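Have a look at this one.
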Amino acid sequence: MSAIEVEGLEREFKGGLKAVDGIDLRVEPGEVYGFLGPNGAGKTTTVRMLVTLLRPTGGRATVAGFDVAKQPADVRRNIGVALQEAALDLLMTGREMMELQATLHGIAPRSVRGRAAELIERVGLAQAQNRRVGTYSGGMRRRLDLAMALIHEPSVLFLDEPTTGLDPLSRTTLWEEVRRLKNEGTTVFLTTQYLEEADQLADRLGIISGGRIVAEGTPAVLKAEVGRPHLDITLLDEGDGPGDLARAKQVLERFGGERPPSEGCHLSVTVERGAADIASVVRSLDDAGLSVASLELVQPTLDDVFIAKTGRHLEGGSSGDAPPEEPAEPEPAIAAP
Amino acid sequence: MPFVARVSLALSRRALVNAMRRPQLLLPLVLIPTLMLAANVGGLNRTTTLPGFPAVHGFLDFQLAPAMTQSLLFGGVAMGVAMALEIEAGFFSRLAVAPIPRVAIVLGRLGAASAIAVIQMLWFLSIGLIFGAHVKSGLPGLLVTFGIGIVAGVAFAALGVALALRARNASTVQGIFPLVFVSLFLSSAYFPRNLLTSPFDAIARYNPLSYIAEGMRDPIVNSLSAQPVLEGLAAAAGLAVLAVGLSVVTLRGRLDEA
Amino acid sequence: MSASIRTIRALVRRALNEIIRVPGGAIPGVLAPAIFLVGLSGVYGAASQLPGFPTGSFRSFIVPVGFLQAATFAGAATGVNLARDIEQGWFDRLIVCPAPRVTLLTGLVLSASLRALLPATALVAVAFALGVHWPGVDGLVIAYALTMGMAAATACWGISMALRFRTQQAAPLIQLAGLLATLFSTAYAPKALLAPWLRHIADVNPANFVMEGVRQGFVGGVTWEHSWQAVVAIAGLLIVLGTFAVRGMRRVGVAA
């Protein structure tokens, strides 16, 4: 049985806006599944449907074997959730928040304190546990949020952009925790807009744009689909620029195709075997009497994958022609009488 | 203890602690009605001599009930604002994904509201006694006043919660603040019904706040008598049942629509 | 037009934008004094039957309460909005511009005075529709002038508190001063009918002189005695509270 199974999932808001437009995916137990896409792609809407905060308007989904629409209470018993906003009560202490969460998840009263203390220790908040959450840094709040999501040892954990806004150190700490969870067998559904995060953590990725999955697979396979690594080479200028460039192109033909642009002392060439070809390239250029000033191996990125599938950059972008994640006012607020 | 009770208690405790840790939000609930009580009593104390004014020990005795009612109404708005802020900040979502009975989300709030109502009632009854109010029916009467007040406090809080769940933003809930005054002006809370100008006297007859205030007032200014007390209790309880039902239905509707 | 005048005009326009562009948010504040007039007179109207009441119309007697509410709400709103601007960082932008701080203060205070005209006018419209005595042109002019002065004084208070605490959490403190000033006066009854303790407070409450100054046209006629006392009270409030406000503005960025 898959940990998460989604077929034709849709979410349409009033006015015909389709934030999620027919998604199919499957996540196996113990897998870290990365859900990658720009702002407005439909990531958060998808997560909110899978954690039963939003009802799908089409398709079906099961989490931990339970239907999200028909068996939401069972779904909630088996999932841990850390949403995009670290929804914490700033006036409570870390310990109080953990103990409340333990109570809400039905942990026996005599076990609440112990379990809360255990998780607090695990995420490195023991020193701060009796301080109000309002005094915590962003990274500390995220760690508390994660600890709360794990209090009942869920089989499936949803992390919605867990490192957005965090400093590099906090981000790394959180990544280590995700890896640890994976080693413990927890299924993790992780949404992110950061390429490096997806690359580092995910066993498999789904790339979403405009409410649809445009690519799915392991990071390596996805990247290999769209390109090979290339070398950006700058030759030492020893007087005969055009001549040197021409000879370099000739020498490097056997490694792979030339990539534009080549001008002056710079050229770029695809290398089929990546880093394994570097030594041979340098030796060949040296044999031809050409000296290398600098050399950089550039791997295809998930951004390259995204561009190949959508024609747009992933990082720093948003789904320009897609509907927003959720409309600013999905339902009209009642006016005061 | 049944799970729903355990969770409701935990959420009540949390909401109460939350409120206590922000005294600057709690203080206006008692301070403004207290100041208005002082001004009303100081400015209009001679009105007890008007023909048709019921026999009272003092105008303060008469004015305690509207002060308490006003404070409890403010409490209801404040509870609604607190709920709306949590919805805006996302904490409500955390509760919604937890495997708890949905009704506990509302009951938790109302539990805190009833505790705050006790504090509010204690405050006004204490300052009333300190400044010379005379509770004609003694301790039993005090308890009756207390009881009606707490039930009313729960009713007002439930209305605030229902509005917060519907509107989902704090500024809309805050915007009903003037309505507190309007609803009290259109009742016999502040002044005897027979001395209200037209059409206020007619409207007051249909306003449950009239009966709630009169029910709380009667044990203070008279010996305990069945009719005003029962009417007050019935108005408070009826409003509470309606309001709690409304908030639970609104909660379900909000979670289902989502 | 001098730079200072242009700055003041810009600040006033910005303050009034809040009402024009978010009318839904402003409506409660604009209508509140009128609502209180109707409500209070509906509830306590019979009080005018008390011996010693200067008029048979309770509504006419309590109209000045509405004017003072209009003034103190507008003044308090100016303070609360400044606290918000400080919290959100917009005030820093204002402070680093070359305009003198007194000019900035003048702009804020003037915006409060002008803002008070809206609820005051709504009050007047409702009052006359409900049969309140016509105060005469002099009475009405004095009422408006004192309201604008009171709004300026309250704004100085609000600005001082906003600069002192630098957070919107100071809002209740800002609003409370206006409430106290309005309530602990001859708001509901003439001095002779007040409880002794309230009479003593009214004797020393400057807002009470302003209240009587606004009231005079509505319950009788404009007299020199009520007018000069009200003007002196406003002037005193402006001098004292204005000094606090100016000091507060000058201290910004100087204190650690």
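We call the chains A, B and C, going by the order they appear; numbering starts again at 1 in every chain.
Convention: a residue touches a chain if its C-beta (ideal position, glycine included) is under 8 Å from a C-beta of that chain, and two chains touch if they have at least 3 such contacts.
Here the structure is a predicted model, which means the values were calculated and not measured.
Taken as a contact graph, with one node per protein chain and an edge wherever two chains touch, the assembly forms an open path, each chain linked only to its neighbours along a line.
Relative to the centroid of every protein C-alpha atom shown, the closest chain centre, again from C-alpha atoms, is found for B. Chain centres here are Cα averages; for chain A and chain B they lie 48 Å apart. Centroids built from CA atoms put chain C at 55 Å from chain A.
Each chain gets a centre from the mean of its Cα atoms; for chain B and chain C, those two points are 30 Å apart. Annotation for chain A: no residues touch two or more other chains. Among the residues of chain B, those in touch with two or more other chains are 175. Only residues 3, 6-7, 10-11, 14, 17-18, 21-22, 86, 89-100, 163, 166-169, 172, 175-176, 179, 256-258 of chain B touch chain A when the two sit together in their complex.
For chain B in complex with chain C, the touching residues are 24, 27-28, 31-32, 35-36, 38-47, 49-50, 171, 175, 177-178, 181-182, 184-186, 190-191, 195-197, 200.
Touching chain B in their complex are the following residues of chain C: 24-25, 28, 31-32, 35-36, 38-47, 49-50, 169, 172, 176, 179-180, 183-184, 186-189, 193-195, 197-198.
If you check the complex, the residues on chain A that touch chain B are 48, 51-55, 73, 76-77, 79, 81, 83, 85-89, 91-92, 96, 100-101, 103-106, 109, 132, 148, 331, 333-337.
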